[in-house]
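Take a look at the structures below.
First subunit A sits with subunit B, and in the next complex the same chain sits with subunit C.
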Partner chain A sequence: MDWSALGLSLRLAMMTMLLLLPLAVLLARPLAWASFPGKGLIDALVTLPLLLPPTVLGFYLLGVFAPQGALGQGWLALTGRSLVFSFDGLLAASLLVNIPFAVQPVQRAFEAIPREAREAAWCCGLSPWQTLWRVELPLAWPGLASAMVLTFVHTLGEFGVVLMVGGNLDGATRTLSIAIYDRVQAFDDSGAARMSLLLVLIAFAAVGSLHFFTRKVGRRERA
Partner chain B sequence: MIMNQAIPRLLRSLRILSIAIPLLVAVSPAPTLAADVSPNPPPHVAAASDLQFALPEIVTAFIRSGGVPLKLSFGSSGNFARQILQGAPFELFLAADERFVAQVIAAQRADGIGTHYATGRLALFLPQGSPIRADRELADLAAAVNDGRLKRLALANPEHAPYGRAAREVLEKRELWLALQDKLALGDNAAQAAQFAASGAAQAGLIPLSLALAPEMAKRGAFVTLPQDWHAPLRQTLVLVKGAGGTARAFAEFLRGPQAREILARNGFGLPAP
Partner chain C sequence: MNALEVRLQQQTPIPLDCAFDCAPGELVALVGPSGSGKTTVLRCIAGLHRATQGAIRCNGSTWFDDQVCLPPQQRRVGFVFQNYSLLPHLSAFDNVMLALGDVPAADRSAITRNWLARVHLQGLDDRRPAQLSGGQQQRVALARALARAAGQAMHGGGVLLMDEPFSAVDQVTRGKLRAELARLRRELAIPIVLVTHDLDEARQLADRLVVLHRGKTLQAGTPEDVLLRPCSPAVARLVGLTNLFAGTVGIDNGRPCLDWAGHRLAIADLCSHAPGSTVNWVIPAEGILLHRPDRSSRGEAENPVTGIITEALRMGSFTQLTLSIPGEAQPLVFQVSSHAILRNDLGPGQTASVTLLAERIHLMPKE
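Moving on, here comes the complex of A and B:
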C-alpha cells in the first residue's frame, strides 16, 4: 500500500468535496427554479465535463495551467507556486471535472422541493437566507449528501486528467489510481491488488449510501 | 424474512461508513503536508522506465553511503522531457537516450550539459508458454509473423520511448516492421511493454535487457539479448534540471561512481569508460 498516495487521494477528494458543495448549491438553485436567457447553455456547460474524455480536459488544462498559460501565470504571480504538476493544479482540475457530479444531484433535489413550501416560508416572513437554511437545505439534504459522495468517490477514481495535469510525482501528484498504474508497471501485483481492493470497497460503500439517499428522496416524494 | 432485515441493516452500516470515512480523513493529519513545509524536501527524479529495478537499488546504496532519499518517477523519456518543458518540478532527468536530453537543453530548462553514464541493451522476451522460440537472429519470430503463431508483439511506443524507437529499428532491419503493423501492442513506456509481454498478453516483447534480467521478469519467461549494432545506441543520459538542489547534484555524481556502475552492470547496462 502506497500510504502517501492514499493520503494524497483522500486529501484531494475531501477538499474537492468541501469546496464544490457551496458552489453546487449556488449554481443548482437558479438552475432548478429560475428561468433566464442562457440557462440551457449553462446547463450544458455544467454537464460537459461528464461527457468529455479526460484526455481532452487534460490537454486544455495543461495549456491553461502552464507557467505561460492564462491561469498558470496568475497563480504563479499570486502564490509563487506552479499550477501544473502540483497539488494546487490537481485540485483545480478536480474541481472542474467534478462540477456535474456535485451540481446535478443538488439541482434534482432543489427541483423536488414544492414551490408552495418556499412560498409558505416567505409568507412567514423568512428572509431568503433563512429560507435557504431552514426550509430548502433541510429538504434538499439527500441530494447534497449524494453530491458529496459522488464527488468524493469520483475524485478518488479520476485517472486521465490527473496523469496529464499532475504527472506522477511521489507525494505531490501520485494519487491512489495513478499509484496502481505505477505498481502494475513495476511488477508489484500485490501492491496494486491491495490498493485496488481498497478502491472497490470505497466505491461499494458509496453505492450503498447513494441508494440510501435516493430512497430518502423517493419516500418523501410519495408522501 | 432474514433478507428483509439484512438489507436495511447493511444499508445502515454503509451509511455509517460513508460518513465515517470522510470524517476520518478530516481529522487525520496529512503526512505529506509536513513534507511540503520541511526546508529540504526530497528532490523528484524523472527516470526512464528501464531503470525500474536498477535505480531503487542505486538509491539504497546512495543512502547507505550517507545520501538522503529521493522521490522517483518512472515513465517514458519523451513524456518526461515534455513535462519538464511544461514546468514539472523534476530536479534530475535520467533519459534512455540523448535526444530528449537535448530537447531539455535546447529549451533552456537544463542546468549544465547531459552526461552519458550507461548504455541500454534491447532483449527479445518470450513469456512462459509462448509458441515462439528464442533466437538471437529473430528467425523464429519472423516465421511466427508469417504462420500466425504471433498474435501480438509488445514494444514501447516508438514516438516517445527510446526503447520503442530501438525496437522499431531492429524490426525494420529484419524487414518485419511492415508485416507487424497490425500486431503491435504499444506500451506507454518500456516497463509497460515488458508488463504486456510478461503477462502473456503478447507472445513476445522487445524490451530493455535491464528489465528482462529482473527476477520479476525472469520467472515469467525467457529472453535473448539482441545484437547491439542493430539499432542506434541507447545512451542513457542524465541532466540536471534548472533549480536542482544539492541532493540531486550529489546523486548525479553518485550515478557515475563505482557503486552505481557495479549495480548498472549487474542490471545489464553497458558502461562508458570512467
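Moving on, here comes the complex of A and C:
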C-alpha cells in the first residue's frame, strides 16, 4: 500500500470538493434561473470536460500551466511555484476537470426549486443572502451532496489528466490511481489489488451514504 | 389619504393600464377573466414584477415610480400566493416565523403562536407543509402573510395581497376561511388587495371591486355599483349580466321611458342620457318577475313583456327560463323557483309574460 499516494489522493479530492462547491453554487444559480446571452455557450463549456478525452484536456492544460504558458507564468510570478508537475497544478487541473460533476447536480437542484418559494421568502423580508442560506441551500442540499460525492470520488479516480499535468512524483503528484498503474508496471499485482479494492470501497461507501441520506430527506419532505 | 395608491402602465409582457386606490382597512377585489392581468398587478405591488411606467405609493412612501423601484424586501407586503408557496423544509411554525425578521427575536415565538392561533392552527406547529391538508396549508400561508403585513404595520403601513387565496380548497373550507378573513380584516387597519375570478367571493368580501380586462381598469366601485350598475356593456358581460340589450330613451308624459323591441318600458331615470339617444341597457335576473299565467295582469303590471319559452333548465330548486321576445334577437334569461314551473306547468314552446322592474333597468352608453 502506497500510503503517501493515498494521503495525496485524499487531500486532492477533499480540496477539490471544498473549493469547487462554492464555485458550483455561484455558477449554477444563474444557469438555473436567469436567462442571458451566452447562457447556452456557458452550459456547453461546463459540460465539455465530461466529454473531452482526459489526455486531450491534460495536453492543453500542460501548455497553459507550463512556466512559459499563460497561467503557469502568472502563478510562478505570484507564488514562486510551478504549476506543472506540482500539487498546485494537480489541484488546478482537478478543479477544471470536475466542473461538470460539481455544477450539474447543483444546477438541477436549483432548477427544481419553484420560483414562488424564493418569491415567498423575499416577500417575508428575507434578503437575497438570507434567502440563499435559509431557503435555497436547504432545498438544494441533496444536489449539493451529490455534487460533493461525485467530485470527491471522481477526483480519487482521475488518471489521464493527473498523469499529463502532474507526472508521477512520489509525495508530490503520485495519486492512488497512478500508484496502481505504477504497481502493475512493476508486476506488484497484490499491491495494485489492495489499492484498487480500497478505491472501490471508498467509492461504494460514498455513493451508498449519498443514497441513504437523500432518500431519508426525500421521505421527510414528502411525508 | 389613501394608504395604497397604484397606477401601472406597460405594453409587454402583458398590457397593463390600471389605476386604483385602497384605504387602510379597505378590501379591494381585482376581478376579471383569466389572463386579464390581475396577478401581474399584484406582483407589481409586491415588487416581484416591474411595470414600464406608473407609480405605487403606500402611506406616503414611494415603492415604485420613474426613479424608484424598491425590492420586495423593502415593501411592506404580506403575500398569499395562489399555490400557498409554503417552504417545504420548514414547519408551519417556522414558515410563519420567517416573516418576522424585523421583530425582536425574543418576541417572535409568541407572535408566531398568536397568528397560528388566529387562523385556528394550534397544535400543528411542528408539521411540515406536506403533512398538512390543503386548507391547513392555506391557513399557514394566510398566517405568514398576516404576520408580515401586521408586523410591518407597527412600523407604519403594511399591505396584504392575496392571489386567488381560496381557489384550491374545498367549498366548506373556503366558506370558513372567508369568514375568518372577514373577521380579521376589521381588526387590521391595513389595505387588502384580493385577486379573484369568483364574483360571489368578491361580493362577499370586498368593499370595492376593480374590474380588469386585458390589463385595463374598466370600472372601480362598490360591489353593488359594479354588479348592478356596470358603466359599460363590456363590464356588464364580465360580471355575468346576460340580459344586455339596446334601446332608445325618451320622455313619455313627462316620465323617462325606454323603447325596446316594440315595447315602451318605464325606467327610473334617464341617467343623463339625452332623450332620443340609443343606449345599451341591462336588467339583472332578479329584476325579471314571471306573471302567473292564470291571471291576466296586463294593464296593471309594470313593464309587461310577453315571449315564448325556448328553454327551461332545472338547476335544483331553481329553474332557469329563456324567454324569446318578438323583435329582439337576444332572449331574456332569468330564474324562477322550480316549484312555480311545476305548478303552472310551464315548458318550452309556451307563452309567458314577465315584468321588467323599472328601477332595476340600468342604462349605459351605447357600445
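Assume the second predicted complex is superposed on the first by the 210 of 223 C-alpha atoms of A that agree within 3 Å, B and C clash if a C-alpha of one lies under 4 Å from a C-alpha of the other, contacts with A are read in each partner's own complex, and residues count from 1 in each chain.
One rule holds for everything that comes next: a contact is a pair of C-beta atoms (placed from the backbone, for glycine too) under 8 Å apart; a residue touches a chain by one contact, two chains touch by 3 or more.
Note that the structure is a prediction, hence the values are computed from the model and not measured.
When both complexes are superposed on subunit A, subunit B and subunit C end up sitting side by side without clashing. In the superposition on chain A, contact of A:Trp122 is made with subunit C only, not with subunit B. Within the superposed three-chain model, A:Leu197 lies out of touch with both subunit B and subunit C [touch as defined at top].
Once the two complexes are overlaid on the shared chain, A:Pro138 sits against subunit C while remaining clear of subunit B.
Greater residue coverage of subunit A by touch, when subunit B is weighed against subunit C, goes to B.
When the two complexes are overlaid on their common chain A, residue A:Ala70 makes contact with neither subunit B nor subunit C.
Once chain A of one complex is fitted onto chain A of the other, the partner contacts of A:Leu45 are absent, as it touches neither subunit B nor subunit C.
Of the two partner chains placed by superposition, only subunit C is touched by A:Pro114; subunit B is not. Once the two complexes are laid over each other on the shared chain, residue contacts for A:Gly7 go to subunit B alone; subunit C is not touched. Of the two partner chains, neither subunit B nor subunit C is touched by A:Leu26.
The gap separating subunit B from subunit C at its narrowest, counted between C-alpha atoms of the superposed chains, is 20 angstrom. Counting contacts as defined above, no subunit A residue meets subunit B in one complex and subunit C in the other. Residue ranges of subunit B in contact with subunit A, taken from their complex: 10-12, 14-15, 17-18, 21-22, 25-26, 28, 30-32, 35, 42, 44, 49, 52, 71-75, 83, 86-89, 189, 191-192, 195, 198, 214, 216-217.
Per the touch definition, subunit C reaches subunit A in the complex via residues 46-48, 71-73, 77-79, 81, 83, 85-89, 98-99, 101-102, 128, 130-131, 144-145, 148. Of all residues in subunit A, only 3-4, 7-8, 10-11, 13-14, 17, 62, 66-67, 72, 82, 84-86, 148-149, 152, 167-172, 174, 182, 184-187, 202, 204-206, 208-209, 211-212 touch subunit B in the complex they form.
Per the touch definition, subunit A reaches subunit C in the complex via residues 114, 116-117, 119-127, 130, 134-135, 138-139, 220-223.
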